[in-house]
Amino acid sequence: MNKVVAGADEAVKDIPSGATLMLGGFGLCGIPENCIHALVKKGINNLTCISNNAGVDDFGIGLMLQGRQVKKMIASYVGENAEFERQMLTGELEVELVPQGTLATRCMATGYGMPAVFLLAGIGTEVAEGKEVRNFNGKNYLLEHAFDSDFAIVKAWKGDTQGNLIFKGTARNFSPLMAMAGKITIAEVEHLVPAGELDPNAIHVPGIYVHRIFQGDKYEKRIEQRTVRKRS
Amino acid sequence: MNKVVAGADEAVKDIPSGATLMLGGFGLCGIPENCIHALVKKGINNLTCISNNAGVDDFGIGLMLQGRQVKKMIASYVGENAEFERQMLTGELEVELVPQGTLATRCMATGYGMPAVFLLAGIGTEVAEGKEVRNFNGKNYLLEHAFDSDFAIVKAWKGDTQGNLIFKGTARNFSPLMAMAGKITIAEVEHLVPAGELDPNAIHVPGIYVHRIFQGDKYEKRIEQRTVRKRS
Amino acid sequence: MALNKEQIARRIAQELQDGFYVNLGIGIPTLVANYIPHGVDVVLQSENGLLGMGPFPLEGDEDADLINAGKQTITTVPGSAFFDSAMSFGMIRAGKVDLTVLGAMEVADNGDIANWKIPGKMVKGMGGAMDLVAAAKNIIVAMQHTNPKGESKLLPKCSLPLTGVGCVKKVVSDLGVFDITPDGFRCIEYAPGVTIDEIKAKTAGRLIIADDVKEMIV
Amino acid sequence: MALNKEQIARRIAQELQDGFYVNLGIGIPTLVANYIPHGVDVVLQSENGLLGMGPFPLEGDEDADLINAGKQTITTVPGSAFFDSAMSFGMIRAGKVDLTVLGAMEVADNGDIANWKIPGKMVKGMGGAMDLVAAAKNIIVAMQHTNPKGESKLLPKCSLPLTGVGCVKKVVSDLGVFDITPDGFRCIEYAPGVTIDEIKAKTAGRLIIADDVKEMIV
């Protein structure tokens, strides 16, 4: 059950143009840096990307936007990125905005084999347009569907050769949910260890959900908003 | 945010007769032994218990059945218990059988604020009777509702004074899901530690879901089916 | 004189009760963390997956894997817990978070809120705002009473696309504190030096003045 | 001669492929773990919350916190992971488990299965059986071909309350191996010493014999 591949290029080698990808991360926190670089190098296009954000101009999914690789972006917040704005305004890029919790829960629904769930967010707003509304216990909810995703690409802190994953801090965010939702799930990790080294009680994503794993060459882990207190 | 109470008696002191309780555990594995003893001592009755199993004659929920404290049992498997069978056949005890995965997911739905989800289990069987069926992508699913539960009572391995919980091995089972679903959640733990001692990356149930916590006096941790290999 | 942002934050901090779990939005709401009253123990939730958010790190201690929902580097306090985004919004939807403090572009006198989209301008997305306003059990809005043109942002009806319907419970603006009631905005406090007449003039939505209205203590 | 339980388990073990995640039910299915072919690496799932189930513990090493779905004490193998019951059935519903092996009281020639309830007898509950049969992508049933009275358990229609509809893909009984096809049970192997005539006589559901039917190797 060894799922280790040589590196990012091998991990993404069969992702075709036109595929639907889930990409983990919140802002630039916890994004699969190495796989994104490999996708940029590979040059496939017409991709549909499901990710909470779209990176910044020169990092993360922003790099794929620079190369016009993305046809459609499904996200909750996309405002950090001039090239994104340009492509959206010219109509080159299709954008579907989804409330953050709904985005997360629709990923979870996929990994849990639930085709649809009822959620509150967006009731009474333009997000509700065209969606089924149902009342439960006096409150209205929207019927929200699970996502269909060809590949999920996530970065974890630690992983083992069987694909078990552990995340660190707020770099966890969407990544476990997406890892569970991919038809094929690719995990890059900061530390790859032999099976048996991770505490089986502490695993966030069991290896059954992960198809390929490798240790990333290098992590820049860029910070978007460096906020600090002065040392006195 | 200290949620520590003195012990089981204090933890359950305001549970009234007629309440709906979720009780964690699978078989006798991971059941809240100390709270069950306190509920037996307290002698309240007309309880509705949501639990995967109903214990055995002289342990777990079986002790509450001996005292005729349970009016209704919602469970997936109840076959280990002669008193249960007697009360069910005489009609003293109302029983609602729910497929195990559906039971677990309905608990999760409660803790995640989802009033209803669509699930596969029971399609075409008597479990589906009276339930809404809907087709998604060519497959039929049942609409299943979140549970309403006054109190959730679980046992964890470790917990801290703020209510964060970590479970061990297969004693995890339904307990995190139920802990998230209780209007009031009571956790008994084998090891209670100060806030800050647990790894924040390894917590199964964040303290926000837990209202009362204490370290159990003693754990019998009875084994139902002791199966071993002979040492050669 | 109208309150500054720090004063708005300080007034909102008075709403915090011991034992509260609180989600603070970006902007003025973030500042509320600086004014938590002594003896009041609250846990801050960050919807990107953290309970137990602490202050900004000391210089050099920043961790790229530890940010808040505004993508700022932060720290944790003892007893913190990390979780994924589905659980994070799950606990909000399930009513486990006691108070959410948000900014707004407009609030209507029935509690509607608009804070995510200006038609004709670049749309950045709603992020977690729609989830928070739809699901949180108690929502306080921190906002300027008027826009830069001097027009009221407390309206009979929002003109911008809604973020949520009938969900705001209270507004703390630079001019005063307003409960949302069936009769509209109910002014319960005015900022020091601000007159009721000024509040009336600058509130476009239905406004009632509480009998026991008093000067705000900030 | 009809197979014994160990032989049924050994035959089913031949269905395991390298890299499979497998859920083994209580009874004969549990025995399959003893016959995993050399060079075939499978991970066993236990629906009470474990991937990477190992053999029973050595005497004295039992851990009350480590049991399988049959409530037996077990062990783990390196690379195992624990999870809650919602995730456990989630991964089954999402089609991540490659093979589920279950026992049955009755199987119909359209793949219906009944294995949880006998009307008039004490009902113990379906446990995880309904979830497994509804959601698993590949289900093999391990069963006796006939009941103690000699009546066929491979039927045109189940007489007992159903556990699941049209879900069984293959049956391994003490008499042979049967694929479920649109034409009913398709016998592809017979047990050593068992005749096709005996199989025909003991199969009440629609039965076809594969052209290349052969003796089972166990």
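Residue numbering begins at 1 within each chain, and the chains themselves are lettered A, B, C and D in the order written.
Heads up, the rule we're going with is that contacts are C-beta pairs under 8 Å (C-beta built on N, C-alpha and C of every residue); 3 or more make two chains touch, one makes a residue touch a chain.
As the structure is a computational prediction, the values presented were derived from the model and not from experiment.
Common neighbours of chain A and chain C (chains touching each): B. Most remote chain with respect to chain B, judged by CA-atom centres, is C. Centre-to-centre separation of chain C and chain D, using mean CA positions: 56 Å. Separation between the centroids of chain A and chain D, computed from CA atoms only, is 36 Å. Chain B and chain D have centres, each the mean of its CA atoms, that are 28 Å apart. Counting partners per residue, chain D has 82-83, 86, 89-90, 92-93, 135 as the residues that reach two or more other chains. Each of residues 105, 112-114, 119-120, 167-169, 172, 200-201 in chain B touches at least two other chains.
Touching chain pairs in this entry, ordered by label, are A-B, A-C, A-D, B-C, B-D. On the chain A side of its complex with chain D, the touching residues are 1, 110-114, 160-162, 164, 180, 194-196, 200-201, 203, 206-209.
Every residue of chain C that touches chain A in the complex is listed here, in rising order: 46-50, 55-68, 70-74, 82-86, 88-90, 92-93, 112, 122-131, 134-135, 161-166.
Of all residues in chain B, those touching chain A in their complex are 105, 109, 112-120, 136-137, 139, 141, 145, 166-169, 172, 199-202.
Those residues of chain C that touch chain B in the complex are listed here as 19, 21, 41-43, 45, 51-52, 76, 78-83, 86-87, 89-97, 135. Across the interface of their complex, chain D is touched by residues 26-30, 52, 75-79, 85, 88-89, 95, 97, 99-105, 107-108, 119-127, 157, 167-177, 204, 221-231 of chain B.
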